[in-house]
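Next come two complexes built around chain A: one with chain B, the other with chain C.
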Partner chain A sequence: MERLEYEFDGGAPVAPRNRPTLTGVLGSGNLEVLVEPADLGGRVRVEVQTAAVGFGAIWQAVLSDVFARWQVGDIRVSINDAGATPAVVALRLDQALSDHTGGGA
Partner chain B sequence: MTSWLESTARERVAGLLDAGSFTEFVPPEARLTSPHLAQLNQPAAFDDGVAVGRGMLNDEPVLIAAQEGAFMGGAVGEVHGAKITGLLERALAERIPVLLLLESGGVRLHEANAGLIAVSEIMRAILALRGAGVPVIVLNGGRVGVFGGMGIATCLCDLLIMSEDARLGLSGPEVIETTMGVEEFDAADRALVWRVTGGKNRAIMGEAVLVADDIAAFRAAIRLDPVPLDVEAEHALLGARLDRFGGMEDALDIWADLGIENPARVPLLDTDAFHAAIRGKTA
Partner chain C sequence: MKEWNRLGQNRAARMDRAASLARGKLVAPGDTGALLARVIEPGDRVCIEGNNQKQADFLAKALAALDPADVRDLHIVQSVLALPSHLDVFEKGVASKLDFSFSGPQAARLARLLSSGQLRIGAIHTYLELFGRYFTDLTPRVSLVCAAAADRNGNLYTGGNTEDTPVIVEATAFRRGIVIAQVNEIVDTVPRVDIPGDWVDFVVQSPKPHYIEPLFTRDPAQISEIQVLMAMMAIKGIYAEYGVKRLNHGIGFDTAAIELLLPTYAESLGMRGRIATHWALNPHPALIPAIEAGFVESVHSFGSELGMEGYIRARPDVFFTGPDGSMRSNRALSQTAGLYACDMFIGSTLQIDLAGNSSTATLGRIAGFGGAPNMGSDARGRRHGTEPWLRAGREAGQDGFRGRKLVVQMVETFREHMAPAFVDRLDAWELAEQANLDLPPVMIYGDDVTHILTEEGIANLLLCRTPEEREQAIRGVAGYTPVGLARDKRAVENLRDRGVIRRPADIGIDPKLATRDLLAAKSMKDLVRASGGLYDPPAKFRSW
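Our next item is the complex of A and B:
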């Protein structure tokens, strides 16, 4: 297990009254994503708990790509991962951010 | 139509209850995760693999729990079990019917005695509800099926609704093969596994109501009426069943003995044709 933390500059703050949303399931080769509003001065904080050790640089690349596409801020993203591939991670994050924001950023 | 089999636990809850009526207890953001998995350095789900809460079904209040089969096979750990037991105890206090959307291999072996105790607490809470006349309904349509301690717990409930994709048993097929040998039960023979443990056989044996793999079909089959519990009569029924069918090798022999025509075709029938084929011929 490895715990990783990232921060991104973010964009438009999401509504602080958005309900926390859980997307995906912590199954083998899959991940779950919990998105919550948080007062982070407009930034995005991502915490990853992953069963696959040593992939921090790849997480950085995938998350940077996702939050370049999703200009959202003031959210805390918590991920439990059981060895999902980078493509699955990116798709699941798109789904999670869509769920949380009600479809639009 | 929305497939129960293909849906996650949370999608099943959302599809089953009146739209937007679900309120979760101990939601994922509470982060009540398994302390045992953390000690074993294993990934732990935010909800420990089960969502519990309250909602409305056709404007009637219900309490509901849904196990997620994709997380550790829906296995019952300490937190997971405590969430279900707490829900059942609340149902007793408030006299509200319970829907259990089960998908579980049984006790989570990583949590050993804590998992075993959790399952026994679930069973005790179900029996308390039966005694009080508060109905507990199991909906079983997931890929994992329901086995082990949760299989026993299922048989304690008022009503079991299954799809033909679902399975119900005590020891799983692989466990039987490993402990008793492949001559006893060939776990690789999927047709055999489903003939014995699948929803159709459970319906023929009188244990389950069979529905199509559709969330709306599960919803339509729910009856919130308590079924009186008569333990002596249940034991007599099971004893008679064992006397009649105990020597048979395969569910096909049972189906033939019950007078079902062309038993070998039963697994191929769709739900409506199946109900027509077994009418008046169940155990």
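Our next item is the complex of A and C:
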């Protein structure tokens, strides 16, 4: 297991009253994503708990692209990953952020 | 005086030696080893019928059990090495040289035997290429073939899995070679004659029915959302775009997803009757919903598939079947259809390099490639025009002079265990050095590949005018692999503006809509239901 942490400059803060949302399942090759509002001064914080060790740079690249697409702020994203590929990670994050904000990127 | 019938005289001598073992053409199973020892001579070229599916397993075991003091240095010319006994002959010293096409299940052991010097490889072929050599410089002297049933005159019924039998027997029998068939049963009258009895010398009833592998069955339950997304991109961005009607699909979940999206997603685009009507394809169970929805006009097959017999029999307008009702497949002829009469091949791969060369060879495994290099290549001898072929030709800048076959490689940018599908250098090169092969085992050459489809987009290589453009087009769909991350972002955006690279959004696809709900069948049970109960999946695919 590896634990990774990232922070991104956010965009528009999400409503603090949004309920935490959980998207995805923790099956092999998949991941679950918890999105919750947090007072982070407009920033986005991501914590990744992953079964695949040594892919920090790829996580960084995938997450930066996702949060360049989703201009959101003041959220904490917790990811529990069981070896999902970047394609699955990006798709699941898009779903999770859509679920949480109630809209599309 | 020159002797013009040495092959015939040699054949007569072999037949004389074996005569006392046979009653008519029938040889008792217990005498099989003796039969082989009497008809095979050291140094012979021998073909053991090893297909993708149907296996002459009893004869293969008998051959491997021979004493190398009697029979040795055989040169095996065989399309597929599927069973342990296919390699036992080399380990035991009965055989020493191999020419073949595919060895997927035995790939690792084949690599070990090669490195320990227990066998030499002539070449790794595509199926048609090896069959072609059966009729030139690699004609088998003795062939050990496999059929479902024989009558007392040696007429063979192959069942749905005719596969390679006609080619092997024709090459051997008409050059005074010897043909031995193992059959599941001896009957008074075969349901139909697939191989005429006077081409067959000996028949052995195998104690057990021949082994057969359900190689083309994919459980829809295992298809991922990313595969659904890629299938949507293929259908809208390539099938509908070019109007591809005649095609071949490679094996795998990627193409199974496309088959299962025809009655749903392709139907919603109004594509029924306009795409995917004529197929060179094994009878994939995943095609059942599309057939039932009226998408498919015809399917000619290389082999059959376990469990599909009843369904095929009930759909004679779609499949090629005999007067007895069962399927007649034929690998050589279906490969010919795939090469000359299909406008598209689409399949998966394991590695793609910066020139678009595609390979399934990985270190420590010599797997060969079966039919893919043949289907996945532009047939330069083709002379008939169809719209997709002509359009691909125009895109390649061959205006009105010749067309191009669409050859699509479909891969998720990372495979299991985060192995990148895009690499700077194919493992095939190192494998060629290790195994001392004449050339690296490239499955599909980059100059034959027209499109690369990943979850990130479709790269249309036909529109690339320089090697540099081609490289950036490939990097531009290679996602977060090292090859993808090293892209020149400006060049990639420029290619996107020109339509060389198309993202899902560029073809009007919202990835969030790519859910498993689009699959016309989500489980094996759904496939059975779609077939009206005619499809009877093998036990390993049943969970109920």
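Simple rule for what comes next: the second predicted complex is superposed on the first by the 103 of 105 C-alpha atoms of A that agree within 3 Å, B and C clash if a C-alpha of one lies under 4 Å from a C-alpha of the other, contacts with A are read in each partner's own complex, and residues count from 1 in each chain.
Everything below uses one rule, namely that a contact is a pair of C-beta atoms (placed from the backbone, for glycine too) under 8 Å apart; a residue touches a chain by one contact, two chains touch by 3 or more.
Predicted model, so just to flag it, every value in this text is computed and none were measured.
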Going by the contact rule set out at the top, does A:82 touch chain B (first), chain C (second), both, or neither? first
Just to be sure I read the superposition right, which of the two partners does A:102 touch: chain B = first, chain C = second, or both, or neither? neither
Touched partner set for A:16, first chain B, second chain C, both or neither: neither
May I ask you to decide whether A:32 touches chain B, chain C, both, or neither, giving the answer as first, second, both or neither? first
Between chain B (first) and chain C (second), which does A:1 come into contact with in this model arrangement: first, second, both, or neither? first
Contacts of A:49 with chain B and chain C, given as first, second, both or neither: first
Look at A:91 in the shared chain and tell me whether it touches chain B only, chain C only, both, or neither; answer first, second, both or neither. second
Do chain B and chain C touch any of the same residues on chain A, and if so, which? none
Chain B residues touching chain A in their complex are 8-10, 27-29, 41-47, 68, 70-71
Per the touch rule above, chain A residues touching chain C in the complex are 29, 52, 55, 58, 61-62, 83, 85-88, 91, 94-95, 98, 104
Which residues of chain C touch chain A once you look at their complex with the stated criterion? 224-226, 229, 412-414, 416-418, 455-456, 479-480, 485, 511-512, 514
Which positions of chain A touch chain B when the two form their complex? 1, 20, 22, 25-27, 30, 32, 34, 36, 49-51, 78, 80-82
